[in-house]
Every structure is written in structure tokens, then in C-alpha cells.
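Next up, some structures in C-alpha cells.
You will see two complexes here that share chain A, one where it goes with chain B and one where it goes with chain C.
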Partner chain A sequence: MKEIINVISNPPILFTLLVVILFLSFRYPEVFWSGKAMIIVGVSSVLFFILSLFDENFLLIVTKADNVPIVGLIFLILFFTWLAMWQAVKNDKRIAAGKPVAEAEIEPKRVIVWPDLVYIELIALTLCLVLLIGWSVLLEAPLEQPANPANSPNPSKAPWYFLGLQELLVYFDPWIAGVLLPGICVVGLMAIPYIDKNPKGNGYYSFAERKMAISIFIFGWLLVWILLIVIGTFLRGPNWNFFGPYEYWDIHKLEPLVNINLSEIIYIKWFGVGLPKNWFFREIFGIGTLLAYFMITPLILTKKVFSSLYVKLGIGRYSIFIALLLLLVSVPIKMYLRWLFNLKYIVAIPEFFFNI
Partner chain B sequence: MADENLEKGSTTEAPEAAPKKKKKSVWKQLVDSQVAKSYFRTGIPNTRRSRLLVVLNSLWLHLHPARTRRHAVRLRYTWCMGGLSFFLFMVLTVTGILLMFYYRPTVEYAYMDIVDLREQVPLGIMRELHRWAAHLMVITVWLHMFRVFMTGSYKPPREFNWGVGVILLVLTLLLSFTGYLLPWDQLAIWAVTVGTNMARATPFLGQEGPGAALLQIGDIALVHAGSDIRFALLGGRFVGEATLLRFYVLHCVALPFVAIILMALHFFRIRKDGNISGPV
Partner chain C sequence: MTENVSNKGENEVPKSDTPAEDTDSILKDKPADTTSKKVPAPPPKRKVDRRSFFSWMGLAWFSFTAATLGMAAAIGRFFFPNVLFEPPLTFKAGYPEDYIIGAVDERFKESFGVWLVRNSEGIFALSTVCTHLGCTPNWLGAEAKFKCPCHGSGFYKTGINFEGPAPRPLERFMISYAEDGQILVDKNRKFQYEKGQWKDPDSFLKV
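And then the complex of A and B:
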């Protein structure tokens, strides 16, 4: 059993599995985001967690002081994602039946803030403070050996909220994983209100009215941001090698380094000749692939999938939307290329530190 | 659960309501005193009018509107995540100030000051409160963003405030990140080393970033290990004394300063854009 879970937690399998589940949940929202589903998933994941605590390797990694909030984070995010989607699905049913959404139907329409809102805030912050004090009494803040620039721990990990970015370093060079993608993420988030011109679903939970917006956002949020943090925290050990949740973090675990560049695959494996000296000729196929991805895919998508969206958004908004979407999707694409073909770089120009 | 409470809250009188007696009770005298009247202006908010006034007349409560949408006060709609983020920010400010009394941001003292906090202060949980509140705040801010997205609350007229919120989210992460270095232990220095190593690869601005090699005058590189963006961030080529001071100042002064201003803007815009969102 433990062996199976260790294998399933391998990033390629775990990621694929969750993509499939997420896709199905958007396809059949009433089944996946129902109260029953939540109870089943909630109970089984809590049981899974408690049973796993008997494994010493699992116990070691989840009780590391700074990892405790991430355990909480997983459960909180599962719960709140469900809570949002559950209300959205319920509202969708009401809309389909021609009734107003739940938020619109509560009477009276307006209440006085004192005391109706003020005391809820008081209760919420009191509970929060109690939780915080309890947590602080029970769990000491970590303090390791004094800083020693000569002795780097293995693995050296960034603070947990940046571990998703550190995990991306496996697949991308630092200038993409650490600078470009987080930058695009911030800009992309700020751009959302200007790209999403759909006037529906403002001020109430709804899925049917905003299927695409919600699907893309939840995909990026759960599978690209949160999942990578979870992988980076719990499943990456010494030398950033993969370790299953029940696996001992063996510092001597060897992973073969067999990653090769696209240019090497094409020139050496397929053509059977050496790499050209000139970087432009060497990388021309990679550059071509990238150009095709960012230039031709949008054309195909616009024609086949997004034709009505293109008309609705206009050329400016639509271009930004498609650029952000392609960048978001490029992350899993590169991950799969690595997992399936051991592809290191599509374009590798170390002359300019320009590797993609 | 929340609904039940709500029903009660809106129908029952405030518990402080004065008992009906012919002779003025001590409580009544206190409430009617000049001091109480000047500090609490509206008196006990037990009528509809005074309940509206208590919010309107107070700077702090005025962060709220006097009246709000019924559904918006339900926990299941807002999850109270924005409010909790603000509350955690205040917890962090208070505990942070207390920690500053004991902490000196130098390589010589920083670690020992933390050890002292841990060993010498009886029942000291300030550092724990500060650290766990910081982690929790990252989570509540994320969940707040998620809630706002899921209710479509970024849509007009709230586009600008969504943008402010995204910047506040980034500030939360930066505050947490700069604070991570301050204990000056192995965890701190290496986490920050790993985090800031990426800055080395910033296009054009980092010594190992694409395009940096193009910035040359003759044979002299403009962007090198002693002049790139990572150097500016760390105040040196490695995480050291200067970095500690820089991160300390950023963590305790610069970033909270910006965050407070943006929070004020964020709350102001919530009021101006029609309070908590709801169906039209």
C-alpha cells in the first residue's frame, strides 16, 4: 500500500491524476462538488493523514515546525474550494430553474452593521486569536544552528510559499522560474478584471455562468501554485530528488542525469551529425517550435475554440488573454516534456544565459 | 450556525442595555457621564438610530458602511478572510514591535537575541505568535483572493481594488520573506540565499540573466556580480551583515509602511465601490 502511494506521488503521475480529477469535476460539477463528495473526500483524507502518521518518515516531514501550516493549508484549501464550488453549483440550479440566486433571496435585503456584522468579526477574530495562541503554546518556532555561510544544508529550501517557484527550477532556468513566471503571475492576476468581460456572476457564487474563467483560475491556483508548493515541501528531499511520502530521505539516492536539449535530439539522434557551431543554426528548431507555439497555436485556437470569445473581447484584450493562457499552459507542457522525453531545454543558448 | 446567531443578534437588545430603575444606577451614571459621552458620543447603540450613528461617528467602525447587504454578513459568503488578514496584520504589528525590543539586527547579536528570547523569557510565545500569524496571514490572504475571484467581485466597479489587492498579496509575501532572514539561523540564511539566487538571473539586470552580457561599454561589463540587482538586494555578493540590516529595515519599516497605505486605500475603495459585493 505504502509502495503504491509512493509511486502515485511521483510528480508526473500525481499531476496527471489531479488534472484528470479536476477536469471531471468541471465536467460533472454536481457530482464532484456535492456535500456527499466533500464528506467522502474529507473523511478519507483525514483518515489517510492520521494513518500515515504511524509511518516515521511521513511523521518526520509533516511535523517539521514550518511544514505544519502547509498541512493546514492543504485541508483549508480543499475545504474552501469545495465551499465555493458547492454554493456555485447550488446557485446554478436556482438560475436554471428561473429563481434568483441564494445571495439575492435573503430577507431583509440590508442590515445594520452594528451589531450584525461587528460581532461576527469579533467572534471570528477571537477564534483566530485562540487558535493562534494554542498553536504558539503547543509548537515552538523553529530555530536551527546559527547561520554558517560555509555549510549549506541539503536540501536548501526557500520559505514554503516560494517552494512552488523552487519546484519550477527543476523544469525551467532561474530567469523563467524565478523572475518571468512570478512576474507574469502578478501582472496576469491584475489583468483579470480587464480580460474577463463577462458581466454575469458579479457578487454571487456561480459556475455555469463563468465556466471558463473559473476553470482556468482553479487550474492555475490548485495545480500550478498549490500543488507545486506541496510537492516542493513534502516530496523533495536531498539534492531536490523526489521522495515518496513514506520514503526515507536518503542523501545518497542517485537519479540518473539524462536530460538532453532539443538541439541534441534533432542533430545527434535524428540526423546523426554533430551540433552546428553557430548558435542560431543549432537552435533554429527550438526557436521555430517556440514561435509556432506562440504564433500559430493562437490562430488555431481562435479559429476552432475561441471564435466567439475573440469577437466578444476584441483584438487587444483577446491577445493578452491568449498570451497569458499560453504562458500558463506552457508550464505543464514543459513539465510533461521533461517527464516523457527527458527534454532539458527547447532553446539552449548558454552564450547569452538564454535557455528555455 | 452563523444564521442562528444572526437572528438573535438582530432582534435582541444589546446586553449593556440599562435596567429600568427609578433611581439612576451606577452604570447609568457612568454611561451618562461627560467622559463617557465625549468618548463614546452616541451612547449605547440600542436603537436603530444610535446603531447607525455609532458606525458613522467612529473613525474605526467607519471602515464599515452603516448598513450592508444581508447576505454579505454571512460567513459562507465572505469566509471573513479579508477581515482576518487585517486582524493578523495587527497581531503581527503588535508582536513585531515587542520582538524589536529584544532584537538587534547584526550578525554578532541576532542569533543570540533569539536564543535569549527562547531561553530567558518565561512563557514567551511572542516569537511563536509572530511566526505562526505570519504563515496564517499568507494563507488567509490567498483564500481571500480566491473568495473574491469565485464571487466575481473583481468585476466592475471593483477592478482597481482587485489590483490593489494583488499588490497587497505580493507585499504579504515579501514581508514574510524578509522576516524569514532575521533569526539568522541556518534555516534563515539558506532560504534567503535560495530565494535571492533567482534575482541573479533577472533579464538584463542580473549578472547571469539573459541580455546582461549585451550591456557593455567596450570591454567593461556594466552588470556583474558587484553591480547587479541581487547585489542591490543583498547589499553584497552574499547574504551577510548588510543583507540582515537591509531585510530588517524593509521588514520593520519600509514594507509595513507601504502595506498600511495600500490597506487604507483598499478599505476606502471597498466603501466607495459599494461595500461587499452582491447580486444587483
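And then the complex of A and C:
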């Protein structure tokens, strides 16, 4: 059983599995986001967690003072995602039956502030304070020996909120993983209200009315951000190798990770000739692949999938939307290429520090 | 002060039909009344004349400016670290006979940030800074590779990168003989493989 979970938690399998589950949950929302499903998933994941604590390797990773918040984060995010989707699915049923949404029945166009919200806030504040004090008393600060530039801890991990970025750094050049992608992520999130002018779902939960928007957001948020943090926290061990949750962190674990560039695969493996001296001829296939991805895919998508959206949004909004979407999807694509084929860069021009 | 209070008490007696209102009115109006009618002018201390006002303001602004400057100085001090790790850039690394063929010497990793590698032809000095984001890799003798703990970059014994995200090989430093026959490593000059500098005779010590 432990062996199976160790194998499943290997990123390509884990990622694929979660994509499939997420897709099914959007296909059958009444089943996956129902109260029953939450109870089943919640109880079984808590049971799984408690049983796993008997494994010493699992216990060691999970109870490390740095990692405790991430355990809480997994459960909290699952719960709140479910809570929102559960209300959305309930509203969808009401809308389908011709009734007003649940939020409209409380008091239309009003928010209950005094004393309801203020009391809730006071209680939440007090509980939060109690939790923080208890936490700081019980868990020791994860302090280490004085800094020594010649000695990087193994593994060296960023603070938890940066572990997603640290994971991206494995697959992308530093300027892409550290500057471009997070920058686009922030700017893209800021751009959402300007791109999305659909008034449906304002002030009430609904999934059926906003299927695409919610699906894309949950995919990006849960799989391309939270999952990367979880992988970086629990599954990355010494020498930044992958370790299953029950696997011993062996410093000498040997993983053959000899990476090759696309140019090397094409010229040396397929054509059987050496790499061309000129960087442009060397990288022409990679550049072509990228151009095809960012130029031809949008054309196909617009024709086959998003034709009505194109009309609704207009050319400006639509092209920003499709560019952001393609960038979001390109991140897992690159990760899969690395996991499955050890592909290092699609375009590698170290002459200009330009590697994609 | 005591005088004023007793005066208020006297005034209160005749008008005590609605006590709550009365005390209010006393607090607000009566002191002004008393100055005009019964009591001589209030002590002149209370009045702040222009000169003392400005001198107090001057003192306040002076101390505020001093405090701000003091804080700015403290922040400025903060930019200069208490401890600097700046070992000398050149050092002597013993005699070539000390080095075993095929071994990676880690003696100078901590003190100078250099690995000395001996192969069948000679000795070269590798930088211990990962070319990805500057962590310090570890030499794993069993796997015969340098492996970075931050993002998993791996380098062969020669310094060539072969796995993980590192974009280029480790840098080499200038290496030569000192006058006394010891090995002299000079970190002022570095040699980068991707620029073809490893062919430079200074980057390699023939033994």
C-alpha cells in the first residue's frame, strides 16, 4: 500500500491523476461537490493522515515545524474550495428550478453587518489569536546553525509561499520562473476584471453559469500553484530529488536526470549529425515549435472551441485571454516534457542567456 | 484651583432645579462668568505668550529632526553587515603531490569556495557557486558528481552541467605555481567553458 502511494505521488502520475479528478468534478459537479462527497473525502483523508503518522518517514516530514502549516493548508483549501462549489451547485439547482438564488433570499441587495458580521469577526479574531499563541508555544521555531555561505542545507528550501516558484525554477530558466511567470501571474490576475465583463455570478455562487471561468481558475490555482507548493514541501528531498511520502530521505538516492535540449534530440538522435555552429539553425526547430504553439493553437482554439467567446469579448480582450490561457497551460506542458523525456529546453540559446 | 471649585459650589445652590443640566452649564459657562464678575484675573502662567510658544515649537521640531536623523543613521548602519565573508582572492593550496589522481579535494571549499580536482593530466580549480542561482553544491563521491541542494542541478567532475536547471558549467579559476613550488589559485580571473576559456593554459595546471 505504501509502495503504491509512493509511486502515485511521483509528479507526472500525481498531476495526471489530479487533472482527471478535477475534470470529472467539473463534468459531474452534483456528485463531486456534494455534502456526502465532502464527508467521504474529508473523513478518509483525515484517516489516511492519522494512519500515515505511524510511518516514521511520513511523521518526520509532516511534523517538521516548517511543514505543519502546509498540512493545514491542504485541508483548509480543500474545505473552502468545496464550500464555494457546494453553494454554487446548490444555486445551480435553484436556478434550474426557476427559483431565486440562495443569496437573494436572505435580504436582497443588503449585507448583514451589525451585529452579525462584526460578532463573527470578533470571534474569528479571538480564535485566531488563541491558535497563534498555542502554535508558537507548542512548536519550536525551525532555527538552524549560523549562516555559512560554503554550506547550503540539503535540501535548501525556500519559505513555503515561495516553494511553488522554487519548483518552477527546476523546469525554467531563472528569469522565466522567477520574474516573467510570477509577473504575468500577478498582472493577469489584476487583468481579470477587465477581461471578464460577464455579470453572471456577481454576488452569488454559481457554477453552471460560469463553468469555464471557474474551471480555468481552479485548475491554475489548485494544480499550478498549490500543488507545486505541496510537492516542494513534502515530495522534494535531499539534492532536490523526488521522494514519496513514505520514502526514506536517502542522500545517495540516484536518479538519472541527464537533461537534453530539443536541438540535441533532433540533430543528434534523429538526424544523427552534430549540432550546427550557428545558434539560429541549431534552435530553428525549437523556435518553430514555440511559434506554432503561440500562433497556430490560438487560431485552432478560436475556430473550434471559443468561437462564441471571441464574438462576446472582442479581439482585444480575447487575445489577452488566450495568451494568458496558453501561458498557464504551457507551464504543466513543460513540466511533463521534463518528467517524461528529460527535455531541458525547447529553445536554448546560452549565447544570449535565452532558454525556454 | 481650590478657590474656583468652591465658587462653582456656591453658584450651584441657587439654580439647582434641574441638577443634571446645571452641572453641565457650570462646566461650560461658569468659569468665564467668574472671571468677569467675582474672582480677580486668573494666574498669568496659564497664558502662553508667543515667544515661549515658538521656543517650545522650536525644541519640538529640533528633537523630531534629531530623532529622524538618528533613525536614518541607524537604518544606514543596517546596510553594512556586521560580518563579511571575504576571504583573500589568492591562496596557496599545497604541493601537487598532495593531490590524488581522480579525487576532488574539498579542503578549500569552506575557506575559499574552491574545489581542486586532479585528473591524470593535471589540476584545475572549480568554483563552488552553482551557475543556476548561486547555492553551494555538494560533492557526492559515490555518484561522481556535484549536486546542488537547491534545485537539483548536477555537474560532472569536470564542472560540466548535465542535469537540473543549471544553464552552464561551473566556473574555473586561474591556477599556477607559486615561487616556492606550491599551487597558487587566483580567484581574480575566472574561466567560463561556454566562452571557450577552459582552453586557456592559465585555467589548468599541468603536472
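Definition applied: the second predicted complex is superposed on the first by the 348 of 356 C-alpha atoms of A that agree within 3 Å, B and C clash if a C-alpha of one lies under 4 Å from a C-alpha of the other, contacts with A are read in each partner's own complex, and residues count from 1 in each chain.
Throughout what follows, contacts are C-beta pairs under 8 Å (C-beta built on N, C-alpha and C of every residue); 3 or more make two chains touch, one makes a residue touch a chain.
Remember, it's a predicted structure, so these values are computed and weren't measured experimentally.
Of the two partner chains, chain B is the only one that A:111 touches; chain C does not reach it. When the shared chain is aligned, chain B and chain C each come close enough to touch A:148.
Once the two complexes are overlaid on the shared chain, A:165 sits against chain B while remaining clear of chain C.
The larger set of touched chain A residues comes from B, when the choice is between chain B and chain C.
When the two complexes are overlaid on their common chain A, residue A:129 makes contact with chain B while staying clear of chain C. Of the two partner chains placed by superposition, A:335 touches none, neither chain B nor chain C. When both complexes are overlaid on chain A, the residue A:181 reaches neither chain B nor chain C. Shared-chain residue A:223: touches no atom of chain B or chain C. Judged by the touch definition given at the top, the superposed model places A:254 against chain C, while chain B stays out of reach. Of the two partner chains placed around the shared chain by superposition, neither chain B nor chain C is touched by A:231. On chain A, the surface patch touched by chain B in one complex and by chain C in the other comprises residues 148-149, 151-153, 156, 166, 169, 173-174, 353. Chain B makes touch with chain A in their complex at residues 2, 5-6, 9-10, 14, 45, 48, 51-52, 54-55, 61, 64-77, 79-80, 83-84, 87-88, 91, 107, 111, 114-115, 118, 125, 127-133, 135-136, 138-139, 142-143, 145-147, 149-156, 158-159, 162-163, 166-167, 169-170, 173, 176-177, 180, 183-191, 193-195, 197-203, 206, 208-214, 238-240, 277-280. Those residues of chain A that touch chain C in the complex are listed here as 148-156, 166, 169-174, 238-241, 251-252, 254, 257-259, 350, 353, 355. Residues 85, 109-111, 113, 128, 132-133, 135-138, 140, 142-143, 147-152, 154, 162-165, 167-168, 194 of chain C are the ones touching chain A in the complex. Against chain B, the residues of chain A that register as touching in their complex are 66, 69, 72-73, 76-77, 80-81, 83-85, 87-88, 100-104, 106-121, 123-125, 128-129, 132-133, 135-137, 139-149, 151-153, 156-162, 165-166, 169, 173-175, 177-180, 186, 189-190, 192-194, 196, 198-206, 210, 214, 217, 221, 351-354.
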